[in-house]
Amino acid sequence: MIPQMSRITRVLFENRSVATFELDACVDAEPGQFLMVWLPGEGEKPISIMDPDPLTITVARVGPFSTALHQRQVGDAVGWRGPFGRPFTVDGRHLLLVAGGYGAAPLHFLARRACDAGISTTLALGARTGDDLILVDRFRAIGCTTVLATDRGDVGYQGFVTDAILPDLAQFDRVAACGPEAMLYAVARMCWDAGVPAEVSLERYMKCGFGICGQCAMGDKLVCKDGPVFDIEELRHNRDFARFTRTATGRRVSL
Amino acid sequence: MIPQMSRITRVLFENRSVATFELDACVDAEPGQFLMVWLPGEGEKPISIMDPDPLTITVARVGPFSTALHQRQVGDAVGWRGPFGRPFTVDGRHLLLVAGGYGAAPLHFLARRACDAGISTTLALGARTGDDLILVDRFRAIGCTTVLATDRGDVGYQGFVTDAILPDLAQFDRVAACGPEAMLYAVARMCWDAGVPAEVSLERYMKCGFGICGQCAMGDKLVCKDGPVFDIEELRHNRDFARFTRTATGRRVSL
Amino acid sequence: MSPEEVDLSTAICGVHLRNPTMLASGIVGLSGEVLARVARCGAGAVVTKSCSLKPRVGHPNPVVVDYGAGVINAVGLSNPGVEAMVAEIRDARELMGEERVPIVASVFAHSIYDFGTVARYISEAEPDLIEANISCPNVEEEFGQLFSSTPYVAAQVTRRVKSSTNIPVIVKLSPNVPNIAEVAKAVVAAGADAISAVNTAGPGMLLDVESARPVLTNRVGGLSGPAIRPLAVRCVYDIANAVSVPVIGIGGQSDGRDVAEMISVGAVAVGVGTAVYRRGMEVFRHMTTELAELMARLGIDSIERLRGRGLPAGAPGRPGSDA
Amino acid sequence: MSPEEVDLSTAICGVHLRNPTMLASGIVGLSGEVLARVARCGAGAVVTKSCSLKPRVGHPNPVVVDYGAGVINAVGLSNPGVEAMVAEIRDARELMGEERVPIVASVFAHSIYDFGTVARYISEAEPDLIEANISCPNVEEEFGQLFSSTPYVAAQVTRRVKSSTNIPVIVKLSPNVPNIAEVAKAVVAAGADAISAVNTAGPGMLLDVESARPVLTNRVGGLSGPAIRPLAVRCVYDIANAVSVPVIGIGGQSDGRDVAEMISVGAVAVGVGTAVYRRGMEVFRHMTTELAELMARLGIDSIERLRGRGLPAGAPGRPGSDA
């Protein structure tokens, strides 16, 4: 699959470091799948699908590639190929989504599908400050209940989002989470303990994005192909989950 | 498409120079289509499908390849690829089949399909002697009326099969023919004159068999791809039909 | 911009083409009548099957196999000989009548000397261009190495062909060399007016497992079709970075996007082989339509503007470069 | 004969393989855990990603693209370095436990000297075999030509690696040479215990028409997958006609038939690369099942009997030949 170029039709700055880009394309994808987004000359990076139609991505500015993308404007071209990876399961009657940072992006796509399927969906979103809480209005607009948490406590619960929802966990029959790996581990722990089925979406450094190069190995899983979404049961004995990752050379290092 | 090997399950000698070979294979084909039949080390030649299931071919011993095939026995392997080419139309209410020599083979496949479709089907078969009239019983078994003609007159009408059927041509609303090109030309003339829709199956020296090499050019047609079955209307202005053919080098020579 | 506004015309050594799609040599182009039909199907130019002084039967069947990712062939350069080809070319021209497109006569030989003779002979048919297919074994060399294998021998053939005709000469290169740019430079220095690249890749071989026999009677054959597209694109890129003569890009192009890719790396026109069988003779019309639509979408209004966009600034094969 | 009765075992330099399917180097085999998983998926042996003395990041993304007929890649030999790879190999062996399959350590370097050093270092992990990937640029030569490009340089690398380890050495060849049999003869004369062939073909290039940029950041990359199968089969045929050491055939094999084809032209085992992604890691089990079924149908009861059936009588690579 050769990258195809699409034009940016809309840019929305969610906060000072996260922006949402709508493209003049749509993609036949499932929630949780990702694209390899290409800026010729700047590189290619894995980015989750926030909405498939029109194709929309939400990207945090963290380094050279994401900064270059943030400089793109309406009418500029962005390359992409995909969708890649294994999606979330759209199932259950009371679905809890737990998001940290731009992890809200793939969960927005999932929320839309879940709400469309008549599943009552709650989003628990955590961030450092209120300004870092992104996409909240979009989630509400499609019918999600929202629970917010910030480290500072300037908006919502003060503390980790996982702590914010723990007391109510029993109300849900399925959990889906995306965000920093420590958060995902906390979610997995909670759900292992409570016996609630859960899926988490993980990240590893990716090269090919489709299961040929081995770069994204996490334990014996390839995150790009076996994941990025994993059932937490698959991760119970994974030696790397929340502990080790791999650098761009493939060296295994502590998280 | 790489040749596949099948085993011969039955050999039937139709007369001293024509044999029918049943293979342990079936092919998804239409009447009039052909295969490239391969005997490793002996070459590969175009041969019509006489029956698709089990795959059956009827071959006249005329030179090195066909002689080698005639030496093959039950259990021996024969390679083939296909089907190739454009088939006969299965249509009309009163179908006349005109066959000369092993031209009866593809028409047998057509007769089966036509009879299955409830079309009243007549076979007019010509040959030099009664012994050269092949597959007659098979045609009768599937419900065809048969009209026979031999040059010697030892069986049926004495003379050309085209002369034998000319008086009754008006009874038919469609004609399909396969055999020597002079016969096909006579059929085409008859049908042009009588205004009866007709298709004829032609032969040219073939290399690729699927429209890439240009060897089988007849006028501006490629017999392997545009044919081997042509509506006679397509041949009205063909400069080569019944006049010129091409040798194995591609040189155009008089027929 | 609408697709109709895109100017698809191009030129090879002053010979005008209404669009950049050309029939590749050896593909259906045995007879004048079929060449004329290919022109009616929208090709910008047609190329004859390669012919030699004497008629050749070529290798026994099987000679061409589609292996899925591409095609492998060892037709063995069968052809009716140059005398018959002169007649076919004349026939093609006559049949084309008003809607005439350029006719390229492809020739080959097994000695440098004969290359000249066949080029002189075919010139009688007054083709618009002559293509010297040097991807054939040189019987004068040990191992019968291909003429196209070494810059030195390729240049010798070029010189001989050039001195035998006044018609512009295209030299067709093989991709199976360590450095195709070196071969390109050598043939251009020897007088080649244009280059076409590439001929088939490999060679490759397929085996029937049951009989343990090679599928091709000739055992090995050249690869073509989508399998070799990246190889062909890289070769044309390398050539257009090395020389400024027009390049005809050939190898695996199936649609308008592929044509645009080839032109972007410096080709002035694109030869279409395997796709003629896969998409039918109408492929020329389809590719041309797709190309015009793509160019209109990108706002590129002429082949001249598309050409060489993917080459480094200053590459000889970029329009306007003064190399 | 039933598929269960077919003996699929084979051997490379005395190392026993339960079946002839092997992971190809650079394919998912970065970590010990994944190597162990590949073994659980039925591979007869696993090969690590090629490692060098120092860690390498490789080329920036995009580095691998599926172009339909095959895959093009320029990963740029990224690897965590030999020290980390020693740990991964030990990890792989430990995780395999009882169901242990041979582990081949692939190494490369950019100088002949370093080839020896990395081979000595990797030997600490006690892999069953070492594969020297000589399809990488030799920084000591002008133009950074690949070590595998000339018989002479390939032999020098082989000698250096051989003198640095007691573990049997496989030398992995590039198909992009005028005469692969000559390279094979040279490395065998220099001590290679086995040969694997081929590495990726080309190189090729793909262009994005809109941005007029090469799709791979490295501009060019090597071709793999079904596109190159006939090329790989021809190379292995040529090698098995020239030398008698075991040959591992690699290039485009997707199913059991393709494995049988490779073995029929002389390979003792088959490396699987692109198909691992296209059919998933279970491809080893699938290919093995398909191979056993095919062999049973043909009445061929062992790999030894299948091997070299498509080679000329007396070819060195045919079992029982005394070359």
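Some notes on this structure:
Going in written order, the chains are labelled A, B, C and D, and every chain counts its residues from 1.
One rule holds in what follows: a contact is a pair of C-beta atoms (placed from the backbone, for glycine too) under 8 Å apart; a residue touches a chain by one contact, two chains touch by 3 or more.
Because the structure is a prediction, the values reported are computed rather than measured.
The greatest centre-to-centre distance from chain D, using averaged C-alpha positions, is reached by B.
Put simply, the C-alpha centre of chain A and that of chain C have 49 angstrom between them.
Distance from the chain A centre to the chain D centre is 37 Å, each centre being the mean of its Cα atoms.
For chain B, residues touching at least two other chains: there are none. The residues of chain C that reach two or more other chains are 67, 206, 210, 213, listed in rising order.
Shown here, the protein chains touch in a chain-like sequence that does not close on itself. The full set of touching chain pairs reads A-D, B-C, C-D. On the side of chain A, the complex with chain D involves touching residues 1-3, 5, 36, 38, 40-41, 43-45, 77, 79, 81, 206-208, 210-215, 217, 219-220, 222, 225, 239, 246-252.
By the touch criterion stated above, chain D contacts chain A in their complex at residues 26-31, 33-34, 36-37, 49, 55-58, 60-67, 71, 73, 75, 78-81, 84, 206, 208, 210-211, 213, 215, 217, 273-274, 276-277, 280. Chain C contributes residues 67-70, 72, 149, 176-178, 201-207, 209-210, 212-214, 220-221, 223, 225-231, 233-234, 237, 252, 257, 260-261, 264-265, 294, 298, 309-310 to its touches with chain D in the complex.
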